[in-house]
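Next come the structures, one after another.
Each of the two complexes below includes chain A, the first together with chain B, the second together with chain C.
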Partner chain A sequence: MPPSTCLRCLPIRPAPSPRPVLLCHIALPPAQTAAFSTTTNLSAAVAKKRPNSHTGPPKRGVKALNIKKTQRIKSGRPPAPGERKALRKRIVLSNTNALEVQGMPDLSDKNITDASLVCRVVGIPGLVVDSLRAVEAFKPTQGWGLFRRPAALVRKETLQLGRYIQEVETAEGKKTIRRVVVGERGSGKSTLLLQAMTMAFVKGWVVVNIPDAKDLTIGHTEYGPLFNTNPTQYVQKTYTANLLSQISKANKAVLSKLQLSQQHDLPIPIQSNISLDRLADLGARDPDVAYPIFQALWAELTAPSTKGAVRPPILFTLDGINQIMRYSAYLSSDVKPIHAHDLALVRHFINALSGAQALPNGGIVLAATCESGKPPSPTLELAVAQSEARVAGAEEVPQPHPYKAMDQRVLDSMRDVEVLRLKGLDKDEARGIMEYYAASGMLRERVDEGLVAEKWTLAGGGVVGELERESVRMRI
Partner chain B sequence: MPPRLNLLLTPRVIAYRSKPAVGVWRAQHASKPQPTICAVRGFADKSTDLPVSEDDKGPNTDPGAPHVSEEAAAMAKVTGGSGPDLEQGTPVQEVVKDDKEAFDKLPQVMKDSIRAKTANPKPQTRPYSTSAIRRADLVSQEPAESYLQEGTEVSPPPGLRFELPDLPLPSTSNMEHRYDPVVAQVTNLLMRDGKLSVAQRNMALILQHLRTASPPQVSPTRPLLPGAPPPSHLPLNPVLYLTLAIDSVAPLLRIRSQRGAAGGGVALQIPVPLGLRQRRRQAMQWILDAASKKQSRGSGRGGFAQKVAEELVSVVEGRSGVWDRRGAVHKLGVSARANLNFGRKR
Partner chain C sequence: MVFVFGVNFPEQRLASLERFYGVGPQLSERLMARFHIHPTAKIGALGGRQITDLNAELTKLTIENDLRRKIQDNIKRLRDMGSYRGRRHAMGLPVRGQKTRTQITTARRLNRVDRKG
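Let's turn to the complex of A and B:
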């Protein structure tokens, strides 16, 4: 129904009269026109809507997921550079919890050829322990840290080494014995080298030890060419300086009594009657002159003995010979791999081992293979097999594979070197070392025939490393 | 290889049973004549096995003296008083009420019951004993010894190449259980990604650390298991060291949360007792948790083993936070003990 009154006839709102605003604007300065408003809410920022099911998905570019990363809280002092490695390579030679073994004899210069000591564990005298530590004869993986003091089992091969030492000392024309110790992993090769060094120290010999040949060839130490050499040889001067410091520290008692007797062409001026340990110290202090001083020291040690200056025999040992019977990780200037025998220190050892460089005052050159993580060196294996066949007087000496490249330099260096093969302990030796374990309190079982047979068998026929692993280290 | 003999027998809940003498072949037992009168009677033996008296008389069957009540009645008759009623029998309590000497000769149980009725019991004391007495005298080794004393040589049956083993066989003679149970269990708990060999190496490193570290300084506020050897003996027996550390912090119970049982959407906390292996597992998990949060000091592959070993030492020394975790569980268990019977059928 339409309204009774006409809509158009209704009174409407009067039109706004023209305001005098313009006048005000003109009259007042702009600063006073600040708006006073009661509508603060309108000028405030709009509160964000919390997302719910009606708001839909988040807009593009908006970070919807907010995950805080967990902060790693670092507490305490971070380890200093090299501290963690030092902890890993630390050598502990004593366990104060272990029991002292009563009646254990010490190795001395009197009893190194004593056959009654075979199958017994013999202690290493304290002064020699310091020297052995200086030449890095102890390895971090060996079990020295489980027992009260360093001691080692005298096995048949140890007695054989003692006889070698006696042989060298009593021979008419000074004799040099050269051997390579081979054997499976854990068979005691490094420990045999250590025992040889122990005997040499108690006998007053000079001991030069290259603790791990891997350090020389894997490219971890600096190298540089040696001038006037053909083929070019390479010198590792930092390693040489370190070696000189080890020689000086370990043999101080012997070297301090020996004096310089020859004229040497050295880059630094030295006193004419300087003692040999101070000469080695000079080289240890400055890597740049280390190699010439090493050569001078070697020349002094191998100088023929006179009435006034008696030079002692030398024991020259190297562990891990399979690392130096191949190409090294170094590159020459024309980017060809350098053969390990072209490294000056390695060549020095190889010359002594092969007999190319004689030891006029007598001595023993010993090398041991290293079976853990060993690089392939088929030529060395062939040379070892040939040497064993030669000594055994076999009809047929193993020949190189006709279709495989052999390293002639390796074969030449091993041409007349004998091999000392270490096998497992026999039952008596195993019993001797297990009784030592029990007396130290490390093996909590009664050592009888049954237990020895059990452990000996589980150790792969008396492999001494395995024997220690299963009976002392509880490695199941 | 761990020593076969586990010296820590205290945490194991094993009923003691004396074993037959070693070296006797069992088949020989069967052929032996049984002794006519068994010196030992077990609780479950039939009453027909009871020993029979030679003259069919028991200790009190001799009709010499009259019964106490009869005597009292006769005395009362003489003195003119009223004695006890012989028709009903007299309770012992009344008999000894005025007789100090007879009271002293009563068995302890009766004395206690009389005292409990007369005097007010002390608070915090029970009128009965809660300690179980092991009746060692009930288990006699006489039969086994009597076999040995007979002097007959125990000859092995023919056809054997080696001599008979000592019976019973040690528990480690089974190939599946040839290692110490704690070492085997902890090795499995150390294992990650199924690498058992790595776990075994870590276990060996842990034991080696326990053996070479200096002896622990045991804190009196965190007592170890009762019967633990002195701390200076622990490094020479690392398996015992490990077992002692784990068993000392092992919780007795766990809290099971039953959803919806308490009403209002709240879970009901129910304490559940744990078995031996479960207790050890929980303790070792806590120790491993604490060890993995430590900062490694060295580099190389022995770092984790080092941290675990240090945590074990700190458990024995009472410094570890694992003790607090165990305390929290025990406290919750005590406060929730009212829920123990939840859901149990009556």
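Let's turn to the complex of A and C:
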């Protein structure tokens, strides 16, 4: 039934109460009254027109952009030359807050081929630590500063290196082993080099290490042509002097027992029976004579051993081989880039690596690639693939791309070098290193199968650098 | 302090030759390569031979005041001929047909008969 009254006629809201009538409002028209103000609109000040995109550019002489420059607050003295670099390159090898790991064996000349040490972390003896520091084997990016003392995991490849060392020492005709260590970023290539150096030091070998090949090729050290060479070679005298000082410092114990045995044509007069560490020191002191002295030192080290003068085997290592498998940043006098193999020190290493220059007293030549900020070196990649295929006995060895220029010098230098590929750790090795983390008090979890499997997987299949990062460095 | 081409360089200064008027990045690179000076070399680290060679080479080039004078002579020649380019130089206006309604501050600054640099 429809309602008796029309719905449309009903008032929607109650009618407003009658406005209080004030005397002053009577004369004003309703449009000029403000709801909440007693001031009239007309008496308000006219708002200044703000410049916007429609007003056009500011007039000449008017400062349009008014931004105050932030004052740089100078606190203290500015860093002295070299101070920041020293901080950047600082190596910390100890963490006093980390626990000392009980029962951790040290690496010694007896146990370098001990298979029972695989999957265990082994300490680096104190004397060797000084030598390793001298040859810059420790890198600032590695996690040495997290643990009580330097120690490294013995993995299968480490044991393999130990066997190489034994092989060289026991071989009849003084063997030379040449390897290039490859692997993805964080897979432990530099640490493997460090372990090789550790073993060489405890075995009484002479260790020559080029810690970062990038320093040789990016054009940051002095260079100069070497006369009577074709194609022209270039000597980096300051770098050579520094290298000599490192060799002398790190191998003092061995070199001080060896004396000069040959005649050398050197620019400075030297004592005929000078010890080799003092010879190296002479070169380290004066960059101008560093390279001839380096050559003399190498000639002495590679002189055939006699009964009176036994020359030890040599470990020659270089980190960042992909930096030397390309053109360097240096320019020749006719403004053409210099190939890295024309730099005398690089060529010296390449000759040793390719086998062009033999090590008559035996030794190992080891190089590792560096994956961080690596320059493109397609020829090296091809050479590595070829080497791997050769060793595996594959029927088809990878061939150079027919339409891309390849660097023949790189291919030649890698012709019969074998490749040692580092993959991720296996579960047992991962467990070994994680137990070490836990024993050092840096990993506060129970190391069981589940945790190892989790971390191993998260580390991309046991990539040791990632494993360390997620277990020890990362704090969530 | 090391003197190179009559200028006193502090030893810690990079051996950049672009300090000289008329030596740009390319010429500097060429000169440094000719005497085997690497790009981050400090002046103090250069050998005496390198500095004398560099001085000899810089003396052969038309740089600094020689180059300024050469440019002024060229402009003066244009002005004396009474060419359009000479007149525009003398008036401090753009020489190569640019518009003059706006944006001629560079021309006002540089285009003159006794051009400074």
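Keep in mind that, in the parts below, the second predicted complex is superposed on the first by the 400 of 476 C-alpha atoms of A that agree within 3 Å, B and C clash if a C-alpha of one lies under 4 Å from a C-alpha of the other, contacts with A are read in each partner's own complex, and residues count from 1 in each chain.
Rule of thumb we're sticking to: a residue touches a chain if its C-beta (ideal position, glycine included) is under 8 Å from a C-beta of that chain, and two chains touch if they have at least 3 such contacts.
Predicted model only: the values in this text are computed from it and were never measured.
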(request) Identify the partner contact of A:224: answer first if only chain B is touched, second if only chain C is, both if each is, neither if none is. (result) second
(message) Under the stated touch criterion, name the partner, chain B or chain C, that contacts more residues in chain A.
(response) B
(message) Going by the contact rule set out at the top, does A:401 touch chain B (first), chain C (second), both, or neither?
(response) neither
(message) Just checking: does A:473 make contact with chain B only, chain C only, both, or neither of them? Give me first, second, both or neither.
(response) first
(message) Contact-wise, after the overlay, does A:285 reach chain B, chain C, both or neither (first, second, both, neither)?
(response) neither
(message) Looking at A:76, would you say it contacts chain B, chain C, both, or neither? Reply first, second, both or neither.
(response) first
(request) For A:88, select first, second, both or neither according to whether it touches chain B, chain C, the two together, or no partner. (result) first
(message) Tell me the contact category for A:415 with respect to chain B and chain C: first, second, both or neither.
(response) neither
(request) Write out the stretch or stretches of chain B touching chain A in their complex. (result) 1-4, 179, 183, 187, 200-201, 203-204, 207-208, 211-215, 235-239, 295, 297-300, 302
(message) So in the complex, the part of chain A that touches chain B is made up of which residues?
(response) 75-76, 79, 84-85, 87-88, 92, 95-99, 145-146, 441-442, 444-445, 470-471, 473-476
(message) Give the list of chain A residues in touch with chain C in this complex.
(response) 81, 219-225, 234, 329-335
(message) With touch defined as at the start, can you tell me which chain C residues reach chain A in the complex?
(response) 12, 29-30, 32-36, 38-41, 45
